[in-house]
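Structure incoming, see below.
Chain lettering (A, B and C) follows the sequence in which the chains are written, and residue indices restart at 1 in each chain.
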Amino acid sequence: MNVCDLIKKYDGKTVVDTVSFTIPKGKVLSLIGPNGAGKSTVMGMISRLIAKDSGVIRFEGKDIGKWKSRELAKKLAILTQHNNVQMKLTVRELVAFGRFPYSGSRLTKEDEKMIDQAISYMELEDFQDRFIDELSGGQRQRAYIAMVIAQDTEYVLLDEPTNNLDIYHASNMMRTVRKLCDELGKTVILVLHEINYAAFYSDYICAFVDGKIAKFGTVEEVVTKENLSEIYKVDFEIIEINNKPLSVYY
Amino acid sequence: MVKSKTYRGYGKIFFGLTALVLAASAAYLLVDSKMYNPRLFEFALKLRIPTLLVMMIAAFAIGGASIVFQSIINNRIVTPCLLGMNSMYSLVHTAVVFFVGSGSVIAVNTNLSFAIDLVIMGITATFIYGYLFQKTNHNVLYVLLIGTVLSSFFGSIQSTLVRVMDPNEYDTLLVSLVADFNNVNSGIILFSLLLLAALVFFLRKDLALLDVITLGKDQAINLGVDYDRTVRRLLLGVVLCIAVATAMVGPVSFLGLIIANIARQMLKTYRHIWLIAGAALVGMAAIIAGQLIMEHVFSFAVPISTFITIGGGIYFLYLLLFKKGEC
Amino acid sequence: MIRRIYGKSWFSTAILAGLLLVVSFVSLFVGVVDIDINTLLTDRNAREFEIFLLSRIPRLLAILCTGTGMSVAGLIMQQLCMNKFVSPTTGATISSAQFGILLSLIFMPNASMWGRTLFSFTMSICGTWIFVWFIQKIQFKDAVLVPLVGIMFGNVIGGVTNFLAYKFEVTQQLSSFLVGSFALVIKGNYELVYLAAPLVVLAFIYANHFNIVGMGKDFAGNLGVNYKLVLFLGLTIAAMITASVVTVVGAISYIGLLVPNIVAMFRGDKIRGTLVDTALFGALFVLVADMIARTVIMPYELPIELIIGIVGSILFIGLLLYKLKNGRKAIRLGRKERNCHG
């Protein structure tokens, strides 16, 4: 999947400015940057949730706008930050929606199997008949991830998956992200605020500043003292833990 | 395993509701119908069967429209009637009569004038409400408040038109223009039935997608739904349903809110087929039983809509104030 | 600097007052019977002179009192509740007053205007108190919830009123109190509306107190103002003005909501400075609406409530969208973003 000269404006203000990059297959890519740098907007555009003003997004060689929405849903899944479902829905029913692009509302045996797998992968067996509005934030997030797994796509896009989670659930979430890539072979793209989660759990990092790509590269290339100070305009120190560059700021 | 149990639960609820509707209908047709005298009986039935049909159709239209609308906007306290769609229909109807004259062919032929109303209503309502949602960015409280104001806005224009048409006999003209439960419009039963059947047929795919739309716009798109198109089609369906109901029994603002929420409460499912059927049955039971009581206990003195307004208003306040989590 | 601001404020007040005078004068000569000013001055026994005295002048005075009273009532309520969307319409005051009238129709069918007023005073005061007590207790997160609750509360009261009216068969008599109209205002049956005048003066005297109470309980306590007393006094004044208007001309919505908001856009929120402008502008607004109502379908006339209902709702929706767009900047609003989390 590659992106070329992507531009998005809101009320005349350019939020995303000629952004081009290629998403490395089978890896975890994190989009980082200060607030309002345009990371979520880019994520929205590559997942067709937000219409682009100009530029090209090519997915498997075909422009994303030319894909049938239903077909694309079998290849690419996105989970946004705001998922407030008003209706009484059990965890299992939610996960079952992941099979919608394949079978519509009528589930086949195959679908049921995929749903079971997704639920057990996220260790939600005990909750599967609970209503999602009765769950804690961490459990709910896991239920949504299970749905994305059931959707069985090659690409998974997550917009701030650790938002509103405590440290325990957030790091669990990041481990799951790693597993999605390593065990299930998915390409995962994340928007993250926590630089250290990005540094520790992803393969590539793309840093945005003011709607433009400031740095793009492997974790080691991007997470350096100079780069981070430039991006965030705050002093950073880098220390190495488990061969990963982690940052300290204050 | 668990699933089948829940479905059996629905079965029971639906059986109960259907029985209730049948019992209410039978009572409505038979109570005080002078069965001992075949001719009087026949006469009573002739009057009552169309009214019964009208009430059933209206209940289905209002219940279905309310459920669909709530799911589109993802909120349980918003129904199309609360946003003034029914007063808009009354206005459209009055305006048509106003501009073509009450004696013209268009106004005299109920089916023809209804068809014209529907076309105008379909276009203007989808435009106005689509604009409203877009402008308020789906902020539910603003949608509600503006809708409430729109409702009185349409009402004021309609009253003005009626008064301009006939300043002397304001009340008589108003009665002949706008239906109510004691004065149902049974001339359009066949038309309405066909229209509703056509709506269900053409929107069957969109209705199936409603289950997914419940998850919110982003999720729906993620799962491959053509969101904007589906919502547009469904909104048009809602508008037409409300037009049918209002044309038949007049404006009843809170009915949809009550029956849709009772159905959601009873069924606790996200499956819209069940929800719509449930809301329709609840609506039928409520209206028929209500009308039965009204005719025989209060002997037509108090219109049923008064009760719906009081009960619905209190219920609305309850939802607004104490069920914030679901709003 | 200060002088400049004062100079400017007097300027707008003077313009409004001048405009009001001119329009008032013109309005006296709008009607089914053409009245020539010469006849008026020369022939004191002419039929025209009688019409003038019995109908035109009372009508003008009633309009002025209504416009002034309703907008001042709205201003007071908005100040006291710290919410720009509270008004006699959106605060259940009007519907409570109608409920009071209904009670008087049921229990004292032969009551005089004054008897009716007593009922309507009591009920409107109670209704407003209950509503305000309620919204203070709940403490809404979003300012828009308040008018929504108020309108629904009013709907419920209206429903009960309707039900009882049907039950006791007084719908016909009640209907004239439901839709505001100046058509029936003639000498002898409207004088009650003058009550609005002393009440507005009272409001002016206590304006600063209302302002202080509007800043909050702690703020008022700090300045040694009795919060509860002033709050209830203010609400009572607003409710009484509304009730007297409803009893004489019937319900007139939106004025109390719109006029103070429009004036505040230009003049800010200091009540002493805006009160006079609000009163003048309110009177002008109603006067113009009444002239439209009188001329659209001559020789008949439309109830003024319909004209104000149409114009008012458009303005109100415009105001809402404006506030939604400009948020806090324009006028104090609660949280702008979505109130409901799943």
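Some observations on this one:
The definition used in the following text is that a residue touches a chain if its C-beta (ideal position, glycine included) is under 8 Å from a C-beta of that chain, and two chains touch if they have at least 3 such contacts.
It should be emphasised that the depicted structure is a prediction, and the values quoted were computed from it without experimental measurement.
Overall, the chain located most centrally, as judged by its C-alpha mean against the mean of all protein C-alpha atoms, is B. Ranked by number of C-beta pairs in contact, the top chain pair is B-C. Comparing the centres of all chains, each the average of its CA atoms, the largest separation from chain B belongs to A. Centroids of chain B and chain C (each the mean of its C-alpha atoms) stand 34 Å apart. Inter-chain centre distance (chain A to chain C, centres taken as mean C-alpha positions): 55 Å.
Chain A and chain B have Cα centroids lying 42 Å from one another. Shown for chain C are the residues in touch with two or more other chains, namely 340-342. Shared contact sites, meaning residues of chain B that touch two or more other chains, fall at 75, 325.
Of all residues in chain A, those touching 2 or more other chains are 83-86, 133, listed in ascending order. Residues 138, 142, 144-145, 147-149, 151-153, 155-156, 158-160, 162-163, 166-167, 169, 179, 253, 296-297, 300, 302-303, 305-307, 309-310, 313-314, 316-317, 320-321, 324, 338-342 of chain C are the ones that touch chain B when the two sit in their complex. Across the complex, chain B is touched by residues 47-49, 68-74, 77-80, 82-89, 93-94, 97-98, 100-101, 104-105, 129, 133, 151 of chain A. Taken in their complex, chain B has these residues touching chain C: 75, 135-137, 139-142, 144-146, 148-150, 152-153, 155-157, 159-160, 163-164, 167, 301-303, 306-307, 309-310, 313-314, 316-317, 320-321, 324-325, 327. Chain contact summary for the complex, chain B toward chain A: residues 2, 71, 74-76, 208, 211-212, 214-219, 221-226, 264, 268-270, 325-326.
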